[in-house]
Structure formats: structure tokens, C-alpha cells
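Shared chain: chain A. Partners: chain B in the first complex, chain C in the second.
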Partner chain A sequence: MRIVVQKNTLLQALQTVAKAVPSRTTKPVLYGIHIEATSESLILTGYNLEFGFEVTVTATDNQDVPMIQIEETGAIVLTARYLLDIVRKLPHTLVRIDTQELTATIRSGNATYTLNGLDPREYPATQEIADDRGFAISCATMRELVERTAFATSTSESRPVLTGVLWKYENGLLTLSATDSHRMATQGTEVETLRDYALIESIIPGKSLQELAKSLPTDDTLANIQIEEKQLLVSFANIRFFSQLIEGRYPDLSRIIPQAFKTSITIGIKSLQDCVERAALLARDTENQIIRLHLRRTEIEISSHSPEIGKIVESVEPNTFEGEDMVLACNAKFLLEGLRAIPGEDVLIQFTSPGSAFTLTPTATSTHIQLMQPVRQVYI
Partner chain B sequence: MDAQSRKIIHIDMDAFYASVEQRDCPEYRGKPVIVGGLPNARGVVATCSYEARVFGIHSAMPSQTAYRLCPQAVFVRPRMDVYRAVSQDIMRIFHNYTDFVEPLSLDEAYLDVTAIGNERVSATMIAREIKQEIAKQTGLTASAGVSYNKLLAKMASDAQKPDGLTVITPERALAFLDRVAIGKFYGVGKVTEERLRQMGVHTGADLRGLSLEALSAAFSLRGRQLYELARAVDARPVQNDRIRQSIGKEVTLSADTDDLTQIVDVLHALAQAVASALLRRRVRGRIVVLKVKFRDFEQITRRVTVPTAMQTVDEIYACSVTLLREVVLRDKVRLLGISVQRLEPADEPQWIQLALF
Partner chain C sequence: MASPLKILEQVQLLEGQLAAFAEELDRLRVWVEELTEENRKLSLENAHLSDGTKTHAMEKGTVTSGEAARVLGKLYEDGYHICNVNYGGLRKGDCLFCLQSLQRSG
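Now for the complex of A and B:
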């Protein structure tokens, strides 16, 4: 392999694929980034067996200074950590990479680095997608879908399906849902499909989606989504993201969203957040980070107390209040994470009883709905 | 209070289970008696009489090994109800002297008698009286150690057995510790002992020769504890109201097995036993520990902490099955155990995070 590439182009590509390089793995070759020069383009891959990123850098005609020039094709795997550190510090805007067997020489300006590489044949093959038609949505929408749901996934491995986000497609609507069994978040969007998909239900690891969301641009760039039997593929700009699916049956969420409410409030997200954060100071060390909510027409009182330390009482005025007064308790961390995912300035919170789940939505008709179970004090 | 002005007594019954058997069955007296698993079964020695110790038998040794060492020994199954009743009598005697009694097991306890001693009644006299009272009421002998902290009191009771009474005064403490084998120190198990021996530490004197830095480097946080123990520093109080740290049950299987169905069945039975023990003591716990010992006696433990304390069979069973999935069953299993830790009183309300489904 003999190539010349612009430093910034290479650095950007490396930073993207490095997100998939594992910090711990049983397969040492995965500590590397797979670099391949074909006759048209340079392809970089990072992969951790659960998800991966692939960036393709292609020379285009309409550039004064070409991003890349390929003199000889070839492939090598170079350890991500060193490669990134080196490229970040290179002195010149152009980088030349030559490989000889499993050794790479990187030159830029007056600097020359020689890196021992790994055999690209040992690098696990990433699955090819047979049919490249799928859903098309904007990257900004894709990012919203993930950011408004993935936070509610479970971090415990006791029920593996709950560490994933359920992707469901039916009749032109793509809905992502996540739950750790104590709270649930769901977000839907209409999508155009180029393929005749029937019903799809796939579970994608929450952790890989969170990495995907970080690399998605916030503009209208189109993201193409394909859901296959064994993997998910999202392509946008010159990046391809692929992730394994989680096998298993996802719990049925269709009936758990309550339809009738006793108390509905709308309230400014920022003021509620500040209030909960202060009240939670004493709840931090308790197991469920418990805060009590006293819902009154005139004010929402939020309190927490710790027998050893003391008590905090806070209050915030609701914008609107309908229904009965109610007292309940909930996990402050869940509430804060939920509020952070709600778009806009106000949130609508609807309660049925102190012992059943309440909903958080931006508006009554939103496609974003969160459900949260309270905590209860019981004698057992 | 001055670190050396406390008066702590450690009482340890001599070969407790075996002595009870010899007391109740005159024909066992003067003979090697082994309480525990029978030699044709697969258990271990729980306690053995002094006559049996001569043959090199000790507790936790497989009964089959004990039989090889001493075929003429009398093997008896433990009668826990009897031992428990005798233990209650002994604890009652302790409580006649002080409220500061910390039982360690059925046959062992620390007593803090600082408050009741004076110039005329020394802790040593109290220890002698307690020994006499135990002998009078139960017909059994105990060994007592008297000193100014728990570490020294325990080592003292161990110094002369059976029927011993050893006093370690502050002036003699270091000289005493210097001669003690390293394995007898509190908190020094087999692994730590081995590592200390590799560092050239065989006695208390050797241990005291190591700097705090050297010990911290080798044992991180526990290094300081070892450093202090070597200097007879031990501030642990005698805790009379001590809630037990853990409740557990374990069982040696009737035959080594790698049959998952059978293993899971045993876990269920253990979960039941632990759950009823928790119920009896009115406590519940937040940590479940699964112990698996393999055919080659290698032993591993796996633990899980749950957000709400548990007490029921189903909860404990579910946790232990989850833990079992983390265990690589690389060989047949010999022993299984479940214990529940981080106990708390069960009659206080607790917060429960409700579930959606």
C-alpha cells in the first residue's frame, strides 16, 4: 500500500472508527484499525464484535487539493491508540503511508514513524449487506430517535434484551423504545422506505446506538437504515455504522401506557430540573435516590430526607394543573434523565395513582412518550 | 480510653462438639471422636476430640482422610440441637457477668469486662470464675485468654488448650506476638500466609520487621491492618448487639456432579434453608453469594448485590441461579453454598422501585 492523504481527512476518519475499537478484548487484532486502499478509495474500519464503524475516503475530481491519492493498493491493521496519537501530532498537512509486509512507514513533513502492524487477514470480516435499500431519514432525526430512548436501557446483564433498544417498523412508522423495567422511553417517526418491509422488530444494543448518535451530524444529511436478520446498518455521508442485534423476545410494551389520568400538570423543564437536582442532593446516597413529590394546585413540592443528614424541601409552580392533589415518590436520577430527553421548554406529566406509572411527554400528542414507575414504601 | 486499658476475655470451648459427645456417651471418653461427615459419606470433620488430633486430624479435613489416618476413631453425626442448647447455657453464663458479649459461633465469644473489673476483681479472676461456672453447669472445659484487645485475647485462649487460662499483659504483648506463627494472626488465611512466607515472614517478629510501606505495597489496604496487628494494635470493640454479617448454608454433594438439573435442585434446597434462617432471625439481605467447590477442592465465589433487600426463597434462588450462569463448570462440583449478606432488620419498611411489567 502506498498512499498520500490529507492529515485532517485521515484524522477525522480515524477518530470516527476509533469509537468502535474496544478497550478490552480477547482478540488483540481488534485493538487495531483496519486500513485498506482499493483502486478508488481508502477504507478504515474499527470493530469490537458488537458494533463497528467504517469510513471511506474517496478522491473526488472537483477538489483543488485531492483528499487522497492512491499509488498502490493494499491493507494493514495498525494499533488504534498509537496511530491516533501520531496522526494528531503530525507536522504537515499531508501524510504519506507506505507499507512493506506488516510494517507501515508514516511520513509527514520531516517526521517519519515506523509502526509494526498486524495481519489484516486476521481481522474479522464484517458482514456484507445483500440489499442496500432501506429506510431513509435525516441524521438529525436519527439522532433524536436514539437520544430520546437509549438512556432508558438497562445496564444490568440479567435480562440482556433490556440492554437494547427495540426498533419497530409498521405501516410507515419507525418507533424506537427502551426500558429497564422501571421506566420506558419511546420515540416514533414517519419514514420513507425503499423496500417493501412488513413488520420489523429488532433489538439493537443501547451502547452501540449511543456511539452512533455521537457521530451523527445534526443536519439534514440523509441516513440510510437497513435492518437485516443479524445486523443493523446505518450509512450516512462517508460513514457506515453496523451493529449486531440482541436475540430474544422484547417485553410487550403496547399495553403498559395508561390512557386515563387523575392529575395532569405542565411545568417548565428547566425549573423542575433545577428543583429536582437540589432536592436530590440528600437522596444521592440512598439506593433508589428517592424524592417525594407533593402535587398541589398551587405548587409542586419536592422533598428528600436522610435520617442521618437532614431534609430538603423545594417547590416549583406548575404552568397548569388539572385533577386531584397527589403524593408520590420516585427515583430522582430517573426523573432527571427523563427530563433531559424531553425536547422543548415544557413537559406534560400525567399521573394515575401513587402506585402506578406516570407519563412524561412534550405535548399530549407527541410521538415521544416516557413512562416512569414510582417507588413505594412497603413493609415486607 | 487508653488503648491498653481495656479488659477483654476470649472464651473458646475445647473441641466443643466432640466434648459434648464424650460427655453424653461415656463409652466415647478417652477415644478419638470425630464429629462430622461419616467416613463412607463425603462430608468433612466438624470437630474432633483431642485424642483424634494426635493422629493429625483437624476440622475441615474430609472425613475419608480422617478415616485413613485413624480407622479406629468413633465417627458421629453432629447433633446441632444439643450443641445449640449447650451454647445457650454458656452464653447465659457470660451475660451474668457483662452485657458486652460478642458471640463468634456456638462455642466462642468475646467479653469486655473493663467496666466490672477493679483492684480486687481482676479480669483474670473473672475468666477463672467463668471457666469454673461452665464446668459446673455443662461439664465441659473451655480455654480463656485475657488481654487488652480482641487480637491478643484470642491468641491467648489459643495458647494453652485444653482447659487453659492465659493472660497477656501490655508489657508482654510484643514478646508474645513475636513468637506466634504467622498463620495464627487474625485475618491471615492460607493465601496471605503463603505470600507472607514467600516474603520471609514466618512469625510475628518477622511481620513486625516489615515497614508499613512494604506491607501496603504487597497487600494494599490490608497492609496497614497487618502492620498494626504485628504491633498488637487492635481497636475493634466487643459488639454485643452485633447483627450477624451473613447467613449461609452449604452442602457437600453425595457424589460429585456436573449435572445442571441436580445442581439447580440443590441450589433450591439451599435457598429454602437460607430463607427460613433469615425469617427466623427477622432479617433480610442485599447480597447473595454463591460458593462452588470443585472436585479438586478449588473453590470459587460469585456475588450479586440487589437494590432491595430480600428474604424469600424465590428471590434468593433466582439470584443464585443467575450467579451460577457466571460460573464456568470446568469440573465436577463437590460442594455448593449460598449465603446472604449485608443484613438488615426485616421489620422496617423499605423503599421499592416498582416495575412496569
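Now for the complex of A and C:
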């Protein structure tokens, strides 16, 4: 392989694919980044057996500015940790990479690095998906879908399906849902597809999706989504993201959302969030981070009590209040994570009883719903 | 003779594998602990239940659906999942699915 590439282009591509390079693995070749020069483009891949990123740098960009010059095709795997730091510190805006068997020479300005590479043939091949199946949504929407759901996935491996986010496509609506059995978050969006599909249901690891969300641009660039039998593929700009799926059956979520409520409040997200954060300071060492909510027509009193440290009581005024007064306790961390994911300025919270789940939804019409189970306890 | 580079590579490989083994071992150890604990609780529960059923069977011929719900409710209160997502698993905090099943059967 013999190529000349713009330093910034290379660095950007490396930074993206390095997100998929594992910090620990049993397959040492995965500590590297797979670099391949074809006759038209340079393809970089990082992969950790669960998810991967692939960046394609084409010879010229949209404005016909040359990005790379490929003199000879070829491939090599170079250790990500060193490569990234090296490229970041290179002195000149152009970088030349030449490989001879498993050794790469990186030249820029007067600096010459000679790096020992790994055999690209040992690098696991990524599955090719050559199909027009799939649907397209904007990257901003994709990001929203993930950010408003993935936080609710379980971190415990005891029930693997709950560590994933359920993607469900039905009648033109793509819905993402996640639950750890204490709380649930779901968000839907309308999508256009090339063909009519029947129901598609897949479970995608929450961690992979969170990495994907970090890499998605915030603009209206289109992301193409393909869900295959064994993997998910999202392509946007010059990046391809692929992730393994989690096998198993996702529990039925439709029945756990309560339909009738006793108390409904709307309240400013920011003021409630600040209030809960203050109360959480005294609750953070307890197992469930319990805070108590006393719902009254005139004020929502939030308190937290720790026998050794002390207590806090603060009240915040709801915008509207309907129904009965109620006292319940909940997990402050869950409530904060939930509030963070809700778009807009106000949130509608609907309660049924101190022992059953309450819902959080944005006040504007939206397909976002969160469900949270209060903590049952003896009230202090 | 193998080149120093090859040996280094080999050592790195072994190191990686060793770390992975240690991790796996740790995970297994935790798992065994969890299982032992669960086993202890289950045996206890089982003993309780079989005692309960014996006396119950003597008192009453058939189990009604209300009775099943009560037993499930008791299992839940004793700290086990009764939902089909994780039936019989140790429960930490309330579970949305269990409560839903309880509500339905109760």
C-alpha cells in the first residue's frame, strides 16, 4: 500500500473508528485499526466483535478537493492507540503511508515512523449487506431516538435482552423502547421505506447505540438503516456503523403502561430537575437513592432523609395539578435520567398510586413515553 | 531462533489471554456466589412451600385461581420475580412486569 492523505482527514477518520476499538479483548488483532486502500478509496475499520465503525475516505470530497492519493492498493492493521497519537502529532498537513509486508512507514514533514503492523487477513471480515432494504431518517432524529431510550437499558447481564433497545417497525412507524424492569422509555418516529415491510423486531445492544449516537451529526444528513437477521447497519455521510443483535424475545411492553390516572401534574423540567438534584445529594449513598415526593395542589414537596447525614426539604410549584394529593418515593437517579431525556420545557407526570408506575411525557404531543416504578417504603 | 519481536508478540498475546482468563474467572466466581445464595434462598423457600402445600392440601382439595394469585403475591413479597421475563430470579426493587402480572391475576 502506498498512499498520501490529508492529516486532518486521516485523523478524523481514525477518531471515529477508534471508538469501536476494544480496551480489552481476547483477539489481539482487534487492538488495531484495519486500513485498506482500494483503487478509489481508503477504508478504515475498528471493531470489537459487538459493534464497529467503518469510514470511507474517497479520493475527492464533495467540492472536488483531493483528499487522498492512492499509488498502490493494499491493507494493514496498525495498533489504534499508537496510530492515533502519532497522527495527531504529525508535523505536516500531508501524511504518506507506505507498507511493506507487515511494516508501515508513516512520513510527514521530516518525521518518519516505522511501525510494526498486524496481518490484515487475521482481522474479522465485516458482513457485507448488499440490499436495498431499509429505511432512511435524519441523523438528528436517529440521535433523538437513541438518546431518549438507551439510558433505560439494564446494565445487568442476567437478562441479556434487557441490555438492548427494542427496535420495532410497523405500519410506517419505527419505535425504540428500552427497560430495565424498573423503568421504561419509548420513542417513535415516522419513517419512509422503499418497500412495504411486515413487522420487524430486533434487539440492539444499548451500549453500541450510545456510541453510535455520539458519532451522529446533529444536522439533517440522512441515515440509512438496515436491519438484517444478525446485524444492524446504519450508514451516514462517509461512515458505516454496524452492530450485532441480541437474540431472544423482548417482553411485551404494551400492557405495562397504565391507562387510568389519579393525579396529573405538569411542571417545569428545569426547576424539578434542580430540586431533585439537590435532594439527591443526601440520597446518593443509599441503595435506591430514595427521594420522597409529596404531591399537593399548591406545591410538590421533595425531600430526602439519611439517618446519619441529615435531611433536605424543598418545594416546587406545579404549573397545573389535577386529582388527589399523594405521597410516594422514587429513585432520584432514574428520575433525573428520565427528565434529562424529555424534550421541551414542561413535563406531564401522571400517577396512579404510590405503589404503581407513573408516566412522564412531554406536554406537547409526542411519541415519547417514560414509565417509572416508585420505590415502596415505610414513609418517614 | 525466533526474533525478539515474535517473542514479544507472543508474550503480549499470552498476557492478553491471561487477563481475559482472570476476568472470566472473576465473573464466574461472582456468578457462583450469586447462585449459591439463590440456591440457599430457593431451598428455604421450597421447604416453606412444600410444608405450606402439605398443610394446604390437607385443608383444601383444589387450588383456586385466587389462591394462585395469593401464592404468587407471596413469592413476590419474598423477593422473587414472578414475571415471565425473569421468573424465579432474585428481585432487587419493584419490577414493572411482576406488578403487571400481579395486577392481572389479582
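Here, the second predicted complex is superposed on the first by the 367 of 380 C-alpha atoms of A that agree within 3 Å, B and C clash if a C-alpha of one lies under 4 Å from a C-alpha of the other, contacts with A are read in each partner's own complex, and residues count from 1 in each chain.
By definition in this document, a residue touches a chain if its C-beta (ideal position, glycine included) is under 8 Å from a C-beta of that chain, and two chains touch if they have at least 3 such contacts.
What you see is a predicted model, and the numbers here were worked out from it, not measured in a lab.
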Clash-or-fit label for the pair chain B, chain C on chain A:
clash
Of the two partner chains, chain B (first) and chain C (second), which one does A:290 touch, if any: first, second, both, or neither?
first
Quick one: classify A:10 as touching chain B (first), chain C (second), both or neither.
neither
For A:28, select first, second, both or neither according to whether it touches chain B, chain C, the two together, or no partner.
second
With the two complexes superposed on chain A, say which partner A:371 touches: chain B (first), chain C (second), both, or neither.
both
For A:329, using the defined touch cut-off, is the partner it touches chain B, chain C, both, or neither? Pick first, second, both or neither.
first
Stretch in clash, chain B with chain C, out of 238-246, 310-318 or 328-336
310-318
Show me the chain A residues, by the header's touch rule, that chain B contacts in one structure and chain C contacts in the other.
158, 179, 181-184, 251, 256, 288, 331, 355-357, 371, 373-376
Counting only contacts in the complex, chain C reaches chain A at residues 5, 12-13, 16-17, 19-20, 23, 83-86, 89, 93-97, 99-100, 103-104
Of all residues in chain A, those that touch chain C in their complex:
24-26, 28, 116, 158-159, 162, 179, 181-184, 251, 255-256, 288, 331, 355-357, 371, 373-376
Spell out the part of chain A that touches chain B in their complex, as residue ranges.
158, 179, 181-184, 251-253, 256, 286-288, 290, 329, 331, 355-357, 371, 373-380
Residues on chain B engaged by chain A in the complex (per definition of touch):
284, 307-308, 311, 322, 346-347, 349-357
